[in-house]
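Chain nomenclature is as follows: A, B and C, assigned in order of appearance, with residue numbering initiated at 1 for each chain independently.
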Amino acid sequence: MTVTRNYEREFVRTFFTSPTAVEGEDDSAKMLRSAAQLRGMQAPDTWIPDNEDATAPSMRDEGVENIVEVVAEHGAAFPGEIHPRVVWHRERPTTRYQGFQQMLEIADPDNGAVEHIDGFVIPEVGDIDDWKKADEFFTIIENEHGLEEGSLSMSVIVESGEAELAMGDLRAEMGKPSNNLQRMFMLVDGEVDYTKDMRAMTPTGELPPWPELRHNTSRGASAAGLIAVDGPYDDIRDVAGYHDRMTENHAKGMLGIWSLTPGQVVEANTAPLPPKTGQWLVEVDGDEVELDAVEGKQVYDGDALTLATTDDGTYVLGVGGDEHELAKDELHEELLNLTAYVPSMDDIVDSMEEFEAAKEAGKGAIAMTRSATLVIDGVEVEVSADRMWDEATYQAAQTPIALFQDVYEHRPDQHEELEEMYGADVVDRAMQVGAQ
Amino acid sequence: MTVTRNYEREFVRTFFTSPTAVEGEDDSAKMLRSAAQLRGMQAPDTWIPDNEDATAPSMRDEGVENIVEVVAEHGAAFPGEIHPRVVWHRERPTTRYQGFQQMLEIADPDNGAVEHIDGFVIPEVGDIDDWKKADEFFTIIENEHGLEEGSLSMSVIVESGEAELAMGDLRAEMGKPSNNLQRMFMLVDGEVDYTKDMRAMTPTGELPPWPELRHNTSRGASAAGLIAVDGPYDDIRDVAGYHDRMTENHAKGMLGIWSLTPGQVVEANTAPLPPKTGQWLVEVDGDEVELDAVEGKQVYDGDALTLATTDDGTYVLGVGGDEHELAKDELHEELLNLTAYVPSMDDIVDSMEEFEAAKEAGKGAIAMTRSATLVIDGVEVEVSADRMWDEATYQAAQTPIALFQDVYEHRPDQHEELEEMYGADVVDRAMQVGAQ
Amino acid sequence: MTVTRNYEREFVRTFFTSPTAVEGEDDSAKMLRSAAQLRGMQAPDTWIPDNEDATAPSMRDEGVENIVEVVAEHGAAFPGEIHPRVVWHRERPTTRYQGFQQMLEIADPDNGAVEHIDGFVIPEVGDIDDWKKADEFFTIIENEHGLEEGSLSMSVIVESGEAELAMGDLRAEMGKPSNNLQRMFMLVDGEVDYTKDMRAMTPTGELPPWPELRHNTSRGASAAGLIAVDGPYDDIRDVAGYHDRMTENHAKGMLGIWSLTPGQVVEANTAPLPPKTGQWLVEVDGDEVELDAVEGKQVYDGDALTLATTDDGTYVLGVGGDEHELAKDELHEELLNLTAYVPSMDDIVDSMEEFEAAKEAGKGAIAMTRSATLVIDGVEVEVSADRMWDEATYQAAQTPIALFQDVYEHRPDQHEELEEMYGADVVDRAMQVGAQ
């Protein structure tokens, strides 16, 4: 059986939480109300009215009322999915029962919100048996309220060692007749509580990077047909840091991330999409430098690379202080190793179209050429590289395009911004490729 | 059910091995005898009379006698726990039977040692069924000697791929009525034999770093309520390397480490505790530089950062060779990104007290401010940052304090040194916070 | 029960794929024919006639015929093992049935190839139940063709999250009476399709490094007595990059790697073997520099280290720009920390012989001394370090020797090249050590 996803979105870029009830405000639902009215790149793929950690314990009953009220009013028009987070704890039955009651109330059709609710987020889950307890409550709620069994999706926050291990069991458990775990949707890392559960510590109190957790979450999602989402990035001012984290995550197959502000939502909605324009890079000593595109040439403006010609027609290339005398061929080879190219949306679509045409004509593999004129210390060098594309390369390159298509299909409110970003022509072509 | 630990110590900093019988000495138990009399920071949290690799095969019968004799004499006064290591091998039944016989003899109440023995360490375990074989021997020994079932704890050395995998099964197996695996205490990595079992090799013969093994051990310990301990650090002279390894381990939730000498015990007993005084750091190009506290100011004395003022009131900040002209606000922002603070014990206790008071007053989150005057190239800049503390931050920050409290409770022999290190007042307050 | 390998080779350095049928050539089996005639260091340990991704779908029927013809003709003389790859897909029953038919045909004794076929490689496997489906086809084929049950080995390409997880189940499943998974041989990573399955992406389209996958593959192989092999390294020109990847892999216990060309086969057959001559290294700021052996001295020729003597007999050592005034002892200590030695085959054999003699004489541990005269900026310093060798060190050091012995035993066609490389004496002694 194919791993199929039993929900509409194949990709989730953004997981945006809002406190459900804030004390001391005229309108305790103020934050919910403003979040519900976000549109376009500021609106997340999944919006999480957060009746757990973001809301004070004493305000959570009011939080449930606020969710019901705001979602009933604004849910129909909200462009993303809506997944409230309720309370739960693997070690506290009282908390689990509260979570059940919160879901039961929010999902009551008489309250008018449930038709806009896509699922619930369950924090602090433990081993797979604990996940089944939550799933059983979903099933009871669906039956109690006359909803279709399995219609409410379940997402979990992975913030314990046992939940990390449970992700390895999920695929085998999801098919069993005694549960409805097919309702699973997102696996979301929660590094703050995970750090506490693992009893980890760093000198400055910074969170550890937890690369293995993120790998295991991405792998668990892949094996069970789910979506992997990384936890919150606390330092809201540090946009570059947030981007670095996303780049790391994307290389792990974790394409979604938590967003704490509409500003972070914009960054995280945009980051997994290919750039508008391509970009040449030079990598020296582990540092990447972007080249400046000037009149169609790629100009290096740094200190780590130097280049000069000699009287006898060779070149002297300096890399991180070491100088090498090179013939033209050797220079070309060396620069190929030192440079890399970040393709634009347009480039990716081009390559895919070209490969599709070749396949149509019966070819299994073609060479794609990428060339540029590099300028280092005023010396110009042509660089050109072939890369073989076969079916596997084509398939692997398709991820950003598949994501773009999923976004375009489900987020009409972002069409205008996407067309502004890429131009209508590129958007059109990007929607056509890969359909095979 | 809560993950509970069924033994007294919640934390183990140090795992110190001693050969049980050394050939060619007047007293073959000499090393055991001197280890048994260690006190204070030189005495480990767990002491391992090592009747396996540290002792020649021909000396192991004598080793058993020595353990019995030395523990009977000195065990009552020894300030840490005592866990002899016996022989075992997942692939050799003869070795397993020898291990059983060694434990049977050491645990014989007639020999007078068992009342001071907390458990045994089983090396070279294989998959979970192999762990059960060892557990079954513990159960037989307890019954044979009239000891309470489950009273001897079992720790294992993880030094094979199958044992690494077994740590993922442990939580589910521990509850089963057919075993007494609830006796499990420490999961200890043994990287030398693990490297052999994995058939790994490095050019210089150095051990590979095995970050995934350490993660999986820490996670296995977290999921099953056990304690994770890293393997031996061979290069005894390399104190800085030992510290770096511990810092890495702490970020993985692995708070304990093997110690080969009383000197390493001191380092490893101290490293997980917060420092006496706070420390500002600057991080440039991946290198961390400690700032010097001079008359309450934090002075940078390196080459990677430069700072100058201009005539029009702006600043020129040089970072790793690149100069940026910045307004005061921008400079502040930039320096916040480049600096970090390692809080002292006093700082952590302060923050926790402050948060506890705020919670008492009904607040769910408060901002903690950290400020300093930085001095770079003689130019002074005030830096100040807020960090939001909510319940989760508070809980996560608590790990070093919980460890300190565990140490203080179980190691009266270290009180004097701890009070000398921190001052009696800080120790007092550290014992009060977090009790909620 | 000991983890035993049920096949002849204990180690596989190289996994070399050839397209089985190339369109538009006079002889579509041309690539197979030339691969079948490789000998010596150019011939791989395992040769994979690739009837999957390397061969166009329309050519795969012809590919089966070509495999049969070429293996029947050249198989007896081929010095490595032969493991054709057939088609398979965890999500496509049609593809699985095609794979079955391909194997059934290739293994038909009437075709004369099967006596030289060691097994088959199954790509795109899913969870452990999917592996069992393939295994069942092997069993049916063996029975249908009157071959001994279990005589055809099965290797898999791990290119999905569920296959990665399956490697953790393998050990427990292999013993069950309802399957013949004891036929398992190699676990091979396939990072291109794995990247697609995980939906990972990088800015430049480069493959992510997937360190956790490689660890898990190596661990799965170790736990089940199998062999771990890394996937293809696409950039054929980048020999240094291929070597770096192999060094990383070896430190993970993954000693085999895919080779796409006979040139890569030579590199990958050689890389896991100890070097002919030892090599001193200096490591400064994470960069490793090889020292030049000049008249028995080790000369440093770089900029990161400087050394001068002072009038009062001390030394000034500059490390990455920072100068330290040091007494002779301190200098010695410092240089020991900064240097490392890569032992030659001869060195390793020496150390093992020495340890074996010591063990024979009843000693459990001995100190091995390594010394050198370093020359930095013309200043000579003697450096000498002891390293303790005990049984565990000895066992861990044995991996490259065990690999060498396995190679020497199974690859007579490489004897001449190995003796040229090391000298006949070293080869002889290397074949004697470690037999205990």
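Simple rule for what comes next: contacts are C-beta pairs under 8 Å (C-beta built on N, C-alpha and C of every residue); 3 or more make two chains touch, one makes a residue touch a chain.
All values reported here derive from a predicted model rather than from experimental measurement.
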item: Intersection of the contact lists for chain B and chain C; value: A
item: Residue-number overlap at the chain A/chain B interface, same or different (half cut); value: different
item: Whole-Å gap between the CA centroids of chain A and chain B; value: 34
item: Chain C, residues touching no fewer than two other chains; value: 168, 211-212
item: Chain C - residues contacting chain B, complex; value: 1-3, 11, 168, 171-172, 211-212, 215-216, 218-223, 247, 250-253, 255, 272, 281, 321, 333, 337, 340-343, 362, 364, 388, 390-393, 395-400, 402
item: Chain B contact footprint on chain A (complex, rising order); value: 23, 53, 55-58, 91, 127, 160-162, 164-165, 168, 192-193, 195-206, 208-209, 211-213, 234, 237-238, 303
